[in-house]
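One chain, subunit A, links the two complexes that follow: it is found with subunit B in the first and with subunit C in the second.
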Partner chain A sequence: MHIGAPSRPLVEVGTQVKRGEKIAEAQGGISACLHSPVSGTVSAIEPHLTASGSRTDCIVIDSDGLNTPDPSLRPHPECEHDPDALIALVREAGITGMGGAGFPTAAKILSARGKADTVLFNGAECEPGIVSDFCSMLDNSPQLLHGMELLLMACGAEKGVLAIEENKSEAISLLSPLLPERITLRVLPTAYPQGGEKQLIYRSLGREVPSGGLPADVGCAVFNVETVIAVAEAVESGKPLIERYCTVTGTALQKPKLVKIAIGTPVEHILRSVDPLCEPRKVIAGGVMMGSSLFDLSVPAEKGTNGIFAMALDDTRFREQSVCIRCGRCAENCPMGLMPNYLYMFVKKNALDKLRAYHLNDCLDCGVCAYGCPARLPLNQSFRLGKAKLRADDAARRAREQAEKEAR
Partner chain B sequence: MEEKKLYVSSGPHIRGKESVSSLMLSVLLALLPALLAGVYLFGLRALWVVLVSVGSCELFEWGWCALTHRQNTLRDLSAAVTGLLLGLSLSPTVPLWLPPVGAFFAIVVVKQLYGGLGKNFLNPALAGRCFLFAWAPLMSSWVAPRCADAVSAATPLAVMKTLSLPPESLLSSFLGFKGGCIGEVSAAALLLGAAFLLLRGVIRLRIPLSYLLTVAVLTFLFPRGNERILWMSHQLLSGGLLLGAFFMATDYVTSPTTARGQLLYGVFCGVLTVLIRYFGSYPEGVSFSILIMNLLVWTLDRLHMRRVFGHGKEART
Partner chain C sequence: MNILSAVAVLAGLGGLFGLALAYASGVFFVKTDAREERISEVLPGINCGGCGFAGCGGCAEAIAAGRAAVTACIPGGSETAAKVAGIMGVEAEAQELRVAFVRCAGGSLGQKYEYTGVKDCLAATLTGSSAGPQLCEQGCLGFGSCAAACRFGALRVENGAAVVDADLCTGCGQCVSACPKKLIDMIPYRAAVTAPCSGCEKGSVTRKRCASGCIGCGKCEKLCEHGAVRIIGGHPVIDYAKCVGCGECVGACPRQLLRTTPRFRS
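Moving on to the complex of A and B:
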């Protein structure tokens, strides 16, 4: 699963696949190829529930337990100095942003090419409690260094900045002596949502991405460190994106664990690898702030699944909702400078023009407002509804204008 | 097969510890030193006034909820805060039928008729207090502290209205040995409570500091006695200024939510307070200043919204 157009299957039920073999082809620019993370037999191609709660066509593969690698995978030394070859390889290897949102990496490089003077490498760890970025940096520092050089080359940028939160001192002390001259280390305060793209650019470079704009508009591109490592691995051994680090934690488990998961593994299988403390009452794919809670544990882990939380009880469930007392904490804390207290009121009143005037569409959905709200109001949750209303309103207006044009 | 049940909700899946009632409880705790000081200075009579005030606010809140078939909102403790603030801002000599009248106006008219907690545009306790000025003689008969037989006394502000410095030393004024409302006399107790609220993160310094600084600067620049610094210090310590600046002007519901709006709100409160103290017919102007500024809160918010990230200067609406 990734953002963009769904990919087209290249296999049929009964096809034998090897580990790393391409099983679906990207469709269009913003799309990604899929590869089998195991060797085995395709048993079904059918709609299956995913973490977002909707059904998407999935390729189900029965593993033969052997993990026989695809013999056609090979190193790609030709990509070391050729941006076009590297972008093609990244696309072929199905690499998407691994920080959560899952934007196809090849498309991102293309958007930044020639525009970015600085490339940011995001080791800030977006969500509290997740250590996937941190551990991938510790375990794969050679690949990280290699990947950073490759991406700088592909984007045509001069400088790179590796941004790490200050509480990850081991990663800082390990990497800072290894960095080449043109890549600087930027230690950031530990905060949420530090790993958000716009916040990271602002904190690291003092540049502000304009509303509705892309990082390329202010001359930069941002890549998650695990994505960087995946790019290096694709060049070094031809390995496509078939596995990732995933933090498995939560109050229903005895000990948190960092596991390397095959993309597509059902969440219930991943949970079985960690000793439980009790039956989980809430399971979250992603982080506790922005992740989605699951109602069915058969959903597959995706390329962006950096964490799975199994909670003994639902923290938000036993809190009484009150009314807005205008304490202003939400506005004080909003990383985008929005005023959630007013936005909430306008969503309830369905005042769409006000929602636009107060810049609802700039909301990141980071959830900081709802986290700190003493009245426990569903702030960012209602903003999602508000954004959907704005989208519907925009679509209706476009349709109306179109109809008028045709009538003329 | 047993069905496994999982809770599903929209993120964030964790919430902060603070709640409306925990914030209100902090305010109640922060006002305890002022209450104790008032009871120490004016005797048990003062305690009765405050208890009747709190009790009647609670009663009206409960009664309103029962009458309108709403969920009982006593547990959010906001009515208790209103009652405590109202009681503390009364003279210890008021007849005991007076606090319930103020409580009715505060809770029913100012708060509930406008939609309850969060919807009132005036500070209920202050509005209730000002409503009681309909019985002005009862509201402004003051007694000297630590006197068994209620010797009437002039408050420092009343003395300063005659352009002379009050007889109390700064220290005794700071500790609370002067005439005045139950909860306003002891600056020491109020500052103790305010420090608790600030450290606990319940209130921020913006409003009280800009309010007090404005009063300090204005009274320093335009003293009405020859002792400039003494004049300014007595102005800061006297009347309801500290109680108002730390506990009433900071009322969430009736103060701006933007940083710049909060600063301006404090400054305007300070200017109005000095204007009323200097030129008004009342010796004190804190209550009126805050109530007047309450009416401008939404305008201040709208004029001083933060710049939205990624928008130029035009982000303001």
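Moving on to the complex of A and C:
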């Protein structure tokens, strides 16, 4: 699962697959290929529940437990100096952004090509409690350095900036002597939501991405460090994106762990392997702030699943909401400079033009407003609702205009 | 003397401005269709948006310009259509009043998870399961987004599902677009039988999830001599063009799902 068009399966029920074999082909520009993370037999291609809560066609593979690698995977030295070959390889290897949102990386490189003068490498964890970026930097520093060079070459950028939060001192001391001259290290204060593209660009470079714009509009491209490592691995050994780091934590677990998971592993299996006896009251895939809570643990971990939070009963107490006391804390804390207090009112009143005028669509869903709200208003969820209403309104308007055009 | 000059100056100014205004109204004259105003007067003036234009004014403009049919106003019904047709100088076909109908009778036997978020149907589909928290994946969520969209107070939530009061419903169709689960249909006001279920699961699954849902036994379909009831996609679908209102199917339904309406013979 990732943003963009769903991919088309290349296998049938009963097909034998090897580890790393391509099992689904990308469709269109913003889409990504899928690869088998295990060796085994395809047992079903059917709609299955995913972390987003909807049923999507999934390929179910019964593992034979051998993890036999696909023999056709080989290093791609030709991609070292050829941007086109590298973009094709990144697309073929099914690499998507691994910070959480999961935008296909090949499409991102293409959007930044020739426009970006600086490439940011995002080592600032996307959410509190997650250490996936940090540990992947420590474990794979040679690949990280190689991948950063590759992406700079692919984007045609001169400078690179590696952004790490100040509490990750091991990563800073390990990487700072190794960085080449054109990549600078930027140590950022530890804060949330800093892993968001727009926040990271502003914090690291002082550039502000315009409303509705892309990082490329201010000459930037942002890649998560784990994505960078995946790109390097694809070039060095031909390995597609089939596994990732995942922080498994929360109060319901005896001992939280950082695990490397095969993409597609059911969440239940991951939880049980970390703590076989855990009985969580609530499980969240992704981070605590922006992740989606799961009601069925059979959903597969996805390319963007950087964390799994299992909460005990105490953490899920539902507190009664009251009314807005106009303290303004939400507006003070909003990283996008929006006014959640007004937006909440407009969503309640269904005032769609006001929502547009107050830039609801710039909201990045970080949840800081709702976290700090003394009245416990469901601000974040209201904004998701408001955005869905705006989308429906836009679609209805387009349909109406189309009908009018045809009538004429 | 003083007062006379003041009067003369004011009268002169008044005359001058009057001439200027008369000239301006000639130069800036906007040609309006006289029919538009008359149509506006006969439309109900409730601005429900059911016609697809911006309020009754927008509808009148569209009818006068020939962009909309004389029958465009749904809440107005045949009466308004006849008046509008008279203004436009055409014949209006008789309009059958159609009312909203929710294809779910409620009765979910539980929830997949505890939902504590915003009490809005669309919001409930954006988090957790995209089908909502109740066990039946197709059924009504019962948060009443349709009732909030209705300007005529024709919808209320009962037994966990929205119910339409057909006598208050004007057929504007605002609730149809407010339902994220697409459960609301427009049916004839005089419909004899309704089938409030949209489930698509097998009978054994439905029994576990819902107290009133269709189990697909097909008795209604077999009994109907007119071919008006068919089980399509796991629930009964009534063809109102064929239904004669005999009520055979209603008596046969083991789940008491099919219902007669009091409006049929009215």
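To be clear about the criterion, the second predicted complex is superposed on the first by the 401 of 408 C-alpha atoms of A that agree within 3 Å, B and C clash if a C-alpha of one lies under 4 Å from a C-alpha of the other, contacts with A are read in each partner's own complex, and residues count from 1 in each chain.
Heads up, the rule we're going with is that contacts are C-beta pairs under 8 Å (C-beta built on N, C-alpha and C of every residue); 3 or more make two chains touch, one makes a residue touch a chain.
Quick caveat, the model's predicted, so the values are computed rather than measured.
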{"item": "Touched partner set for A:Gln381, first subunit B, second subunit C, both or neither", "value": "both"}
{"item": "Contacts of A:Gly94 with subunit B and subunit C, given as first, second, both or neither", "value": "neither"}
{"item": "Partner chain(s) touched by A:Lys389 [first = subunit B, second = subunit C, both, neither]", "value": "second"}
{"item": "Touching partner for A:Cys324 - first (subunit B), second (subunit C), both, neither", "value": "first"}
{"item": "Touched partner set for A:Arg400, first subunit B, second subunit C, both or neither", "value": "second"}
{"item": "First (subunit B), second (subunit C), both or neither touched by A:Pro83", "value": "neither"}
{"item": "Touched partner set for A:Ser54, first subunit B, second subunit C, both or neither", "value": "second"}
{"item": "Which of subunit B and subunit C A:Phe295 touches, first, second, both or neither", "value": "both"}
{"item": "Subunit B versus subunit C, judged by how many residues of subunit A each one touches", "value": "B"}
{"item": "Touched partner set for A:Asp314, first subunit B, second subunit C, both or neither", "value": "first"}
{"item": "Doubly contacted subunit A residues - partners subunit C and subunit B", "value": "292-293, 295, 378, 381, 384"}
{"item": "Parts of subunit A lying in touch with subunit B, wherever the complex brings them together", "value": "198, 202, 208-213, 279-284, 288-295, 297, 309, 311, 314-317, 319-320, 322-329, 331-332, 335-339, 341-342, 357-359, 362, 367, 370-376, 378, 380-381, 384"}
{"item": "Residues of subunit A that touch subunit C when the two form their complex", "value": "49, 52-54, 292-293, 295-296, 318, 378, 381-382, 384-385, 388-389, 392, 396, 400, 404, 407"}
{"item": "Subunit A-facing residues of subunit B, complex", "value": "4-16, 18-23, 76, 78, 116-119, 252-259, 301, 305-311, 315, 317"}
{"item": "Sites on subunit C touched by subunit A in the complex", "value": "52, 67, 112-113, 116-118, 120, 122-123, 126-131, 133, 177"}
